[in-house]
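For clarity, chains are labelled A, B, C and D in written order, and residue numbers in each chain start from 1.
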Amino acid sequence: MIRNEECIVLSNQEIAHNIFELTLKGELVQQMNEPGQFVHLKVSDSVDPLLRRPISIAKIDQATDMFTMIFRAEGNGTKLLAQKRVGDVVDVLGPLGNGFPVEEAKAGSTALLVGGGIGVPPLYELSLRLKMRNVNVIHVLGFATKDAVFYEEKFAELGDTYIVTVDGTHGEKGFVTDVIAEQNLSFETLYTCGPTPMLRALEAAYPEKNVYLSLEERMGCGIGACFACVCRTQEDPTGYTYKKVCTDGPVFKGGEVLI
Amino acid sequence: MSQLAVNLPGLQLKNPIMPASGCFGFGREYSQFYDLSTLGSIMIKATTVEPRFGNPTPRVAETTAGMLNAIGLQNPGLKKVINEELAWLDQFDVPIIANVAGSLEEDYIEVAREISKVSNVHALELNISCPNVKTGGIAFGTIPEVAKELTKRVKEVSSVPVYVKLSPNVSNIVEMAKAVEAGGADGLTMINTLIGMRLDLKTGKPVLANNTGGLSGPAIKPVAIRMIYEVSQHVNIPIIGMGGVQSAEDVIEFFYAGASAVAVGTANFVDPLVCPKIIEQLPVLLNELGFDHISECTGRSWKKNEKLAYHRA
Amino acid sequence: MSQLAVNLPGLQLKNPIMPASGCFGFGREYSQFYDLSTLGSIMIKATTVEPRFGNPTPRVAETTAGMLNAIGLQNPGLKKVINEELAWLDQFDVPIIANVAGSLEEDYIEVAREISKVSNVHALELNISCPNVKTGGIAFGTIPEVAKELTKRVKEVSSVPVYVKLSPNVSNIVEMAKAVEAGGADGLTMINTLIGMRLDLKTGKPVLANNTGGLSGPAIKPVAIRMIYEVSQHVNIPIIGMGGVQSAEDVIEFFYAGASAVAVGTANFVDPLVCPKIIEQLPVLLNELGFDHISECTGRSWKKNEKLAYHRA
Amino acid sequence: MIRNEECIVLSNQEIAHNIFELTLKGELVQQMNEPGQFVHLKVSDSVDPLLRRPISIAKIDQATDMFTMIFRAEGNGTKLLAQKRVGDVVDVLGPLGNGFPVEEAKAGSTALLVGGGIGVPPLYELSLRLKMRNVNVIHVLGFATKDAVFYEEKFAELGDTYIVTVDGTHGEKGFVTDVIAEQNLSFETLYTCGPTPMLRALEAAYPEKNVYLSLEERMGCGIGACFACVCRTQEDPTGYTYKKVCTDGPVFKGGEVLI
């Protein structure tokens, strides 16, 4: 069930250049069932900024009612979010959408988790859950540059972790797809979140695999009412069939929607 | 008798608060948050004859104290709206106002005729801001004669009262209002969105795939208030006001300007519970301000007499 | 050569930033804060033939992310503006754009003829949003033929280029722009304020003594951007853009839309140093975005070619 | 000289119902020369509220760069101001306008200071300065009700102080003008600040006295540029002569402007 709650800031730290890790406490954590869902945040009491901001859930701790997000402070809204101090409240609407299906990766099989930049965060809770289900996890995480890298050790604790930077300042140089090919990584299921060109490349590269992609789109309501975030399906690319990223997604099966 | 009950053509409302068209879908999503029967009415999403996918994304952009949208009238088409959405809404004790859109006069007429027959549809809202294919895309709502004629034709086929939704993107809103009143409109709803635009700092290109979009939210409230103030003094049909409403105080301001009911659009995205919250706060605020009934507020900005029992239920 | 220098009809500007008319008086007050010679230009307060007191107070009201004003063209009249204000401004190395207003065509003509002779007045800005006494108060700027004719007549008597200031309160801004271009306008300035209104919660009456007022500030920026985007693609004269500009980023957005210079209004009240701050930040921002010269930004939202040296100084 | 400075909050306390006493520190205090001047405050970094708020200076301490204001938290802007905490910054433009001329009251003479509600604050610094110049001060301070009364003791330390409440819940019942008449107060100079009807009544009642009134008007710029705050002069009530409250006032001599 979706809830709207004023959650309390337990911590908010810059963990990489302009990248913040924000942990909130609230009862709506009890509603969070899947990795890859997101919340819709009102970052200020005023009308500036007016709209909520969608941010993925990176870690869920139902025992303590805590959840963690990782975001990049870039525009007006995320910059204000970066300023929240311990004890402040944040108005949270969530959890929203459908996350990554962990049950699609069988115990003993291998799942490849590919993240790009600020698409990396939801993969962390996903990896934790896959690991708990005895799925073998491999991570390929792409960033623009060394300064932007976060959670390298945390992912490494869960499975093989390849870091890729566009400028080669850390880990491999290039794109995640290059590394997957070079390293000859073998896997049964692929979960990915990141920039659209990356998702497109991965979907094209592994048509025979079980692929799950998490999409981004500009949102209004975040709950399916405003039709801001629709995408077309691959089956009906010019008709009027559609999926809403906020409620049907943000995670879709490879081949399902046009990206 | 409730302080909030309001009677308008076709609409006996338990309160004058309703979600604005396009900002509430067909109500399903918001029914997760509260009982839709608490609402005065629901203005459902624009319906066209055929299903529409709408515009490419991005379809929304934020502006200072406002937002732009270019959804492009996405909807499942007349048949599905009637058979699925309106049928589903029938479980609630709430009269529906059906927003009617099209690219040709004939489209409007067909939607109006069919949708007005549905039992829970108590009124139509003619969305005349749509581009008119016959006049090369000039909106129906910017030429008085065109709007009047459209209103007349729709009135002829509609089984329920017809409210015409005015576009604020005109030189003379009073002239438009009088034209649709002359065309037989039973009421007005106003305002639709202002046309606006945002450009991306890095690319220089429009943020919306459609280039321009409709500006809504608190930023436009002063324009809405001004237009309702002017129009309400020149027509004899009631006005459902909208444009930037976020609070009970805003609702009262719209009534003062000349509205008899108020719709809430963009604010639903910010706070999904905004409508029931306003409905709860209104009686408190009315008592503070010393009004027995909300209809006493209508037109107070320009009316001479202090107490009015205009369309008390 | 400076990254910011811009050449427009009559105006060789060291930078494209200037305070908007009515938001800077005649510069005296702001000269306490900085050297007015740092400005690209100054659009002085509207001048009429005779002195005017303007409207009763309250003359301003705040709205969400905006403000309403109904100053009512208060000014000391043509003679004093020339002998006292323009004479005083002559100590600064800054070309002046004189805002010309009136209630009759003849008023405009007289002000334009006389004020355009003053040596530091390098251009006129025709404020056609004023109510036209002859047409019962309908603004000059809402009827294309009237605006065109006014432009033509003013052009005949003016010794300097004439920019026409467009009102956004029209159905078709492109038509207005084309009309004044046909009338001989050398440039456009846009947008003037949207008409808006606020009502007092306690009294129910308008906050402004004049009832309605002009809405300015960040709230109207998307409307300004949209109109400049549309107009700049349909005229061959340059546009000085305005409406909600607060920062260097906003300036670039106006250039992308199609502006060749930008005026700052309401923001001066919030931060008296806003203009010099923007002038300082612009080169930094241009470098970040990869532009050699600010004129490369003009019209980028709709132009095909990547690099443009449109009216580089 | 007018300055624009980010001042630091030293204290902010509710001293009566919804009435706050705010003390700021900043170098612009060195520019404050007269009681009755005001500052123009930006209460938030965002565009909501957009405009500055004019607030009178209630106490000036140039030795420590501190000044105090007293305001009622009523609308959006003043409510935000009430939330400022010690150490926060407030963007101050000032000092603005012309204050009360202290030199108009001669040493040994009596000055009557009449304040109404939130017009009381600027009279405090005025009273301090008059007292320093050996002027005998009498205060008549009107408030709506008991809850709204503030600074009673502080004024009492400086001279006779009559409190008047509209509902009679504290001090005398009625209006300040009633009390002045009843108590038969005699004085040479009258300084007043408060609601317009009160100013009007006082001006009418004491045409032969040396009267100084502080006016309020809605403001834009606060520095004389926008013509928002003009009033007419008594000499030319229908012409185009004008005074600006922000720069020619807020204090005017009785008989000068139309109120």
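Just so it is clear, a residue touches a chain if its C-beta (ideal position, glycine included) is under 8 Å from a C-beta of that chain, and two chains touch if they have at least 3 such contacts.
A quick note: this is a predicted structure, and the numbers were derived from the prediction, not measured.
**Student:** Identify the chains in contact with chain B as well as chain C, in label order.
**Tutor:** A, D
**Student:** Could you give the separation in Å between the centres of chain A and chain C, each centre being the mean of its C-alpha atoms?
**Tutor:** Their C-alpha centroids are separated by 46 Å.
**Student:** How far is the middle of chain A from the middle of chain D, if each middle is the mean of its Cα atoms, in Å?
**Tutor:** So the centre of chain A lies 56 Å away from the centre of chain D.
**Student:** Indicate the whole-number Å distance between the mean C-alpha point of chain C and the mean C-alpha point of chain D.
**Tutor:** Result: the chain centres lie 36 Å from each other.
**Student:** Identify all positions of chain B at which a residue touches two or more other chains, and write them in rising order.
**Tutor:** 64-66, 218
**Student:** Two or more other chains in contact with one residue: find those residues in chain A.
**Tutor:** 47-48, in rising order.
**Student:** Which word fits the touch map of the chains here: line, ring, star, complete or other?
**Tutor:** complete
**Student:** Where on chain C is chain B touching in the complex?
**Tutor:** For this pair, the touching residues of chain C are 63-66, 68, 142, 169-172, 194-199, 201-202, 204-206, 211-212, 215, 218-223, 225-226, 229, 244, 249, 252-253, 256-257, 289, 297, 300-301.
**Student:** Note which residues of chain A are touching chain B in the complex, please.
**Tutor:** Residues 1-2, 4, 42, 47-52, 93, 217-232, 239-242, 247.
**Student:** In the complex formed with chain A, which residues of chain C make contact?
**Tutor:** Residue list for chain C touching chain A: 64-65.
**Student:** Using the touch rule from the top, collect the residues of chain A that touch chain D in their complex.
**Tutor:** Those residues of chain A that touch chain D are 44, 46-48.
**Student:** Per the contact definition, I'd like the list of chain B residues that touch chain A in the complex.
**Tutor:** Within the complex, chain B contacts chain A at residues 22-25, 28-30, 32-33, 45, 51-54, 57-62, 64-67, 69, 71, 74, 76-77, 217-218, 246, 266, 268-273.
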